[in-house]
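One structure, pasted below without further comment.
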Amino acid sequence: MSLSSKDVAKVGSLARLALTEADLERMTGELSKIVDFVSQLGELDTSAVEPLAHPLDTRNVFRDDIPAPSLTTEQALGSAPRHDGSCFLVPAVLGESGAA
Amino acid sequence: MTPTPVTPAAEPFTTVIGLEVHVQLQTKTKLFCGCSTTFGAPPNTHVCPTCLGLPGSLPVMNRTAFELAMRAALALNCQIASFTKWDRKNYFYPDLPKGYQISQFDLPFSSAGHLDVVDPKGAFSRRVRITRVHLEEDAGKSMHDEAAGVADTRIDLNRTGTPLCEIVSEPDLRSPQEARAWLNELKLLLVYLGVSDCNMQEGSLRVDANVNLHIPRPDGSLAKTPIVEIKNVNSFRSVERAIAYEAVRQFEEWQATGAELGSAPKQTRGWDDPAGITRAQRHKEESSDYRYFPEPDLVPVTVSEEQVAAARAAMGDPPSVYRGKLAERWSITPYDADVLVNQGRDLVAWYEELATLTGDGKVASNWMQQDVLRTLNERGGTIGEFPMKPAAVADIITRVAKGDFDTSRGREIFATVLATGRSVTDVIADMGIAAVGDDELETLCHELLAANPKIVADVQGGKEQAAAGLIGQAKKKNPNVNPAKVREKCLELIRRG
Amino acid sequence: MQLSERSATEIVSAVRAGDISAVECVTAFLDRIELLDGKVNAFLAVNREQTLAQAADIDARRAAGKPIGPLAGLPVAVKDALCTTDFPTTCASKMLAGYRPPYDADVVARLRRADAVIVGKTNMDEFAMGGSNENSAFGPVHNPWDLSRAPGGSSGGSAACVAADMAPVAIGSDTGGSIRQPAGLCGITGFKPTYGRVSRRGLVAFASSLDQIGPMARSAADCALIMEAIAGHDPGDATSLTTTVPSYSQLLDEPLAGLRIGRVTEHYGPGLDPEVARGVDEAFAVFKAAGATVHDVELPHAKYGIPTYYLIAPCEASSNLARYDGAHYGARAELGRGTSAEYVGSFESPLMEMYCRSRAEGFGPEVKRRIMLGTYALSAGYYEAFYAKALRVRRLIQQDFLKAFEKVDLIAGPVSPTPAFPLGEKTGDPLAMYLVDMYTVGTNLAGIGGISFPCGFTKAGLPIGFQLQGPALAETLLLRSADRFQRLTDWHRRRPPLSV
């Protein structure tokens, strides 16, 4: 199974990774090889196997609804590339919607 | 452009509406960390490594949030799953610092419920099926001053990680009015059960509406318009307006283009409240590829039948049940019970105290609706802030019942107590209201009859209603007299001759 | 013996007895770092003054007769994937260059409470993705046994600094072998505990269902000592186990008589270096001599470990690394300037440019590759064929282990197919690099524990690593078995011929 550079460009956009022409070409080759490699899992009949997403069989871990100290605003914004002392600043968000 | 109002009967289509409601659960702390959920704090003061999504931070589930969400689901008659887990919904947005929202995808903790809405005046009665209720975290807040041009957007993450219950209905509603009434019922239910304060101004309740039309064709088949999701609706009134607008817009678009369901992906439109219109929102094709997968930082939750039963028992009556019980207990009409219950649990408690003290649920209900509620509406505030206690109002009602004075005199006393803040007894004394004794009453009536021979003659001639003319004069002579008693006594004296 | 050659156990008791001060001890290692790290590049951050001040505080408390912790004065190097308030935490990425967390990882907090002294943050593969430490944005680590060779990865700095006596112990993290493989290639002992035994809070996440923190030291006994301090339930990590932590170091003396060790037949396949195979066979002989019995066991799905791992780990990573987007912390590309013209396509908004360029310019090639792979494997239309498929095979792999542990107490074999390889040998071939984890990923997929330690040397003088894997929560048995081996051999005492 091989990926086209169009597939890779689409994944790059989904992953928010800007790609140069050279990146795109190299990544298309590398990802195709890796995808080929991992596709060997297709040899196994797993139709009767339940997925295992997590090694633990722990259930029902909760914490009580008790307030804990928050960070100070200075700490919260301390590593922000841009802030105005009370909020994080990002380039204008205009008409772009978040989640459904 | 605002749509021309169309009467339901005249509509050549049926509006099909499904709602998606997000309510903030009434917890002290966020869903996955100990930061406060209090509204209105200065930006970025209720944040910690977990809700900021700092490297290495981990979520731990708030037990109370899960319990409240389960209570909401039970109240919505949902099935509670015996096994549930959380998933990551991946998308990039500056108010979502982790780059994913912890939500529930394929195994929500509850599904397949319903909530009925009945118009007390009988205009509609609808069972709306609930597809699912799930528990997820909220995002933060982006603030952009568009007027200021292309400046930066400011991000406040105080709200990030606040517990939300997402309630998704089936497309079972059939008019904007129904949608609004159903939302009122939902809000009432959630507030009754202490699940949420449902304060829309503070974002504790948010509504998206999925709307399309079913248009009968001449051949009897149905044309279905593409589904539009309306977002950014900030009040139930706006929901009603937005759906009404959207229905007309879709009908006009269908007439113009003939576009039907399936011809285009679901469109998102934002409600512009001042303009009264919906506007198409930008929607990226890829943005719906959320790459859900099980959240590895949380463990699944299992719920036993015993736990469900216990939660159900602890839940208390939902408003729909409470209306019936209240009507039966106090012998009031379903309409009256509806009005009272719709005002919320505290007001119902106030009413029941009043009804108990007076022993007359019907009269207490009248006083609640005509006096207490009217005053509350004028003054604003909640029943908890009402300056009179049930005992004071009961005092007035009891005196009216005893015949000390009539209802209108009682209302004057009620108004004076509210205006002056003095006690009922003091106000009665101040106004010189004293019970009129039997002898005093008889003397007064003799005087009236002597002064009004025409009325006496009329009554003797069979026109009993003529006695009404005596009441006004009696009130002038002594404002404390009970008109009914004056009328009764005068008729008796005339008959006696 | 020089102070820097002493074991952690010896150092702790010497400080407690007052034979050496914490300051002396820390100074010896800081001096050694100063002397050698120019060649090894094991550390990303060292702060002499701060570290000495912390050591002085411990000495003062001891002098005042106040209580001191069980690791008082012990220098510990910490992988740069663990959050520390007093050192930057970068994960060896340009993305987090200079980033200073406002909180300590649970493990770091536990070490501090035990009065250990953190001497520095160690180099690693960027975001723990790699098996050679060549994916560090701050230069590769050099293997102390041969500076032209890789130390393994991703905890390469932690392994190399212990091998070169720049720290008696180090903390690493292991997602697919990142503690055990570099320990094997550097001739030290590395322990990957059962998933959930050590809190992950404050460990910068790579693949959350696989990540686990563990100690790296010169001996299993030292690993046991560190485990006592760092293991245990953390209410801030929902996946942290509540089981009581045994006093590992007190439980090492019991002999191995009757221990059943499984020899995995699938491990002797193509790719296994003959010298490594010989070293491993000799190790089995040592265990037999100690009273253990060796049995062949099968892990039929072992060969699917790497493809399974290279789906699950990148999928989780693609989500875990979404937070590095230039918005709230970390590097943000300078917009409207620089190289945007070289990128394919155009950015539809300044926000999009911030995201795409910050990530393109902040992450290195391997990290990007895995984010791309994971994003692809989770995306609409591919989820079932890739991610869900891998989860099903993951269960088969876990079942293989459960079945094997019905027959034997521990499973053993090589840590990696080859000894340390030359720097640059595999950098052009991602798939070849992925195969270095072929014997270690199964442990993480199954969520069980494993330990690796040296069992011999190649003719060229490179360490050969041996691995033991145990059932969930078999920490004591793994540490005791490795310790027994080290009581009978001296491979772990050999020091690299590092000329100063």
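Per-chain residue numbering starts at 1, and chain names A, B and C are given in the order in which the chains are listed.
Simple rule for what comes next: contacts are C-beta pairs under 8 Å (C-beta built on N, C-alpha and C of every residue); 3 or more make two chains touch, one makes a residue touch a chain.
Source: prediction; values computed, not measured.
Engineer: Per-chain Cα mean versus the mean over all protein Cα atoms: which chain has them closest together?
Structural biologist: Chain closest to the assembly's C-alpha mean: A.
Engineer: Which chain pair is joined by more contacting C-beta pairs, A-B or B-C?
Structural biologist: Of B-C and A-B, more C-beta pairs in contact link A-B.
Engineer: Would you mind pulling out the distance in Å between where the CA atoms of subunit A average out and where those of subunit C do?
Structural biologist: One centre to the other, that is 23 Å.
Engineer: Counting only Cα atoms for the centres, state how far subunit B is from subunit C in Å.
Structural biologist: About 57 Å separates the centre of subunit B from that of subunit C.
Engineer: Please tell me the distance, in whole Å, between the geometric centres of subunit A and subunit B computed from their C-alpha atoms.
Structural biologist: For subunit A versus subunit B, the centre distance works out to 40 Å.
Engineer: Spell out, as numbers or ranges, the residues of subunit C touching 2 or more other chains.
Structural biologist: Counting only residues that touch two or more other chains, subunit C contributes 99, 102, 209, 235, 238-239, 318, 322, 325, 327-329, 350-351, 355, 375, 379.
Engineer: By residue number and range, which residues of subunit A touch two or more other chains?
Structural biologist: 13-14, 16, 53-54, 56, 58, 61, 63, 71, 76, 82, 88, 90-94, 96
Engineer: Taking each residue of subunit B in turn, which ones touch at least two of the other chains?
Structural biologist: 49, 52, 60-61, 92, 94, 150, 153, 155, 157, 289, 291, 293, 296, 298-299
Engineer: Report the residues of subunit C in contact with subunit B in the complex, numbered from low to high.
Structural biologist: Spelled out, the residues of subunit C in touch with subunit B are 82-83, 89, 91, 96, 99, 101-103, 105, 200-205, 207-209, 235-239, 315-316, 318-319, 321-323, 325, 327-329, 350-351, 355, 375, 378-380, 383, 387.
Engineer: Would you mind writing out the residues of subunit B in touch with subunit A in their complex?
Structural biologist: My answer: residues 27-29, 33-36, 42-49, 52, 60-66, 89, 91-96, 101, 139, 142-144, 146, 150-157, 229, 231, 268, 281-283, 286-291, 293-294, 296, 298-302.
Engineer: Given the complex with subunit C, which residues does subunit A contribute to the contact?
Structural biologist: Going through subunit A, the ones touching subunit C are 3, 7-9, 11-21, 23-24, 27, 30-31, 33-35, 37-42, 44, 46, 49-56, 58, 61, 63, 71, 75-76, 78-82, 88, 90-94, 96.
Engineer: Across the complex, what residues on subunit C touch subunit A?
Structural biologist: These residues of subunit C touch subunit A: 99-100, 102, 195-196, 209, 235, 238-239, 241, 301, 304, 307-308, 310-311, 318, 322, 325-332, 335, 340, 342-345, 347, 349-357, 359-361, 363, 368-369, 371-373, 375-377, 379, 385-386, 388-396, 398, 430-431, 445-448.
Engineer: Given the complex with subunit B, which residues does subunit A contribute to the contact?
Structural biologist: Interface residues on subunit A, with respect to subunit B: 10, 13-14, 16, 53-54, 56, 58-73, 76-77, 82, 84, 86-100.
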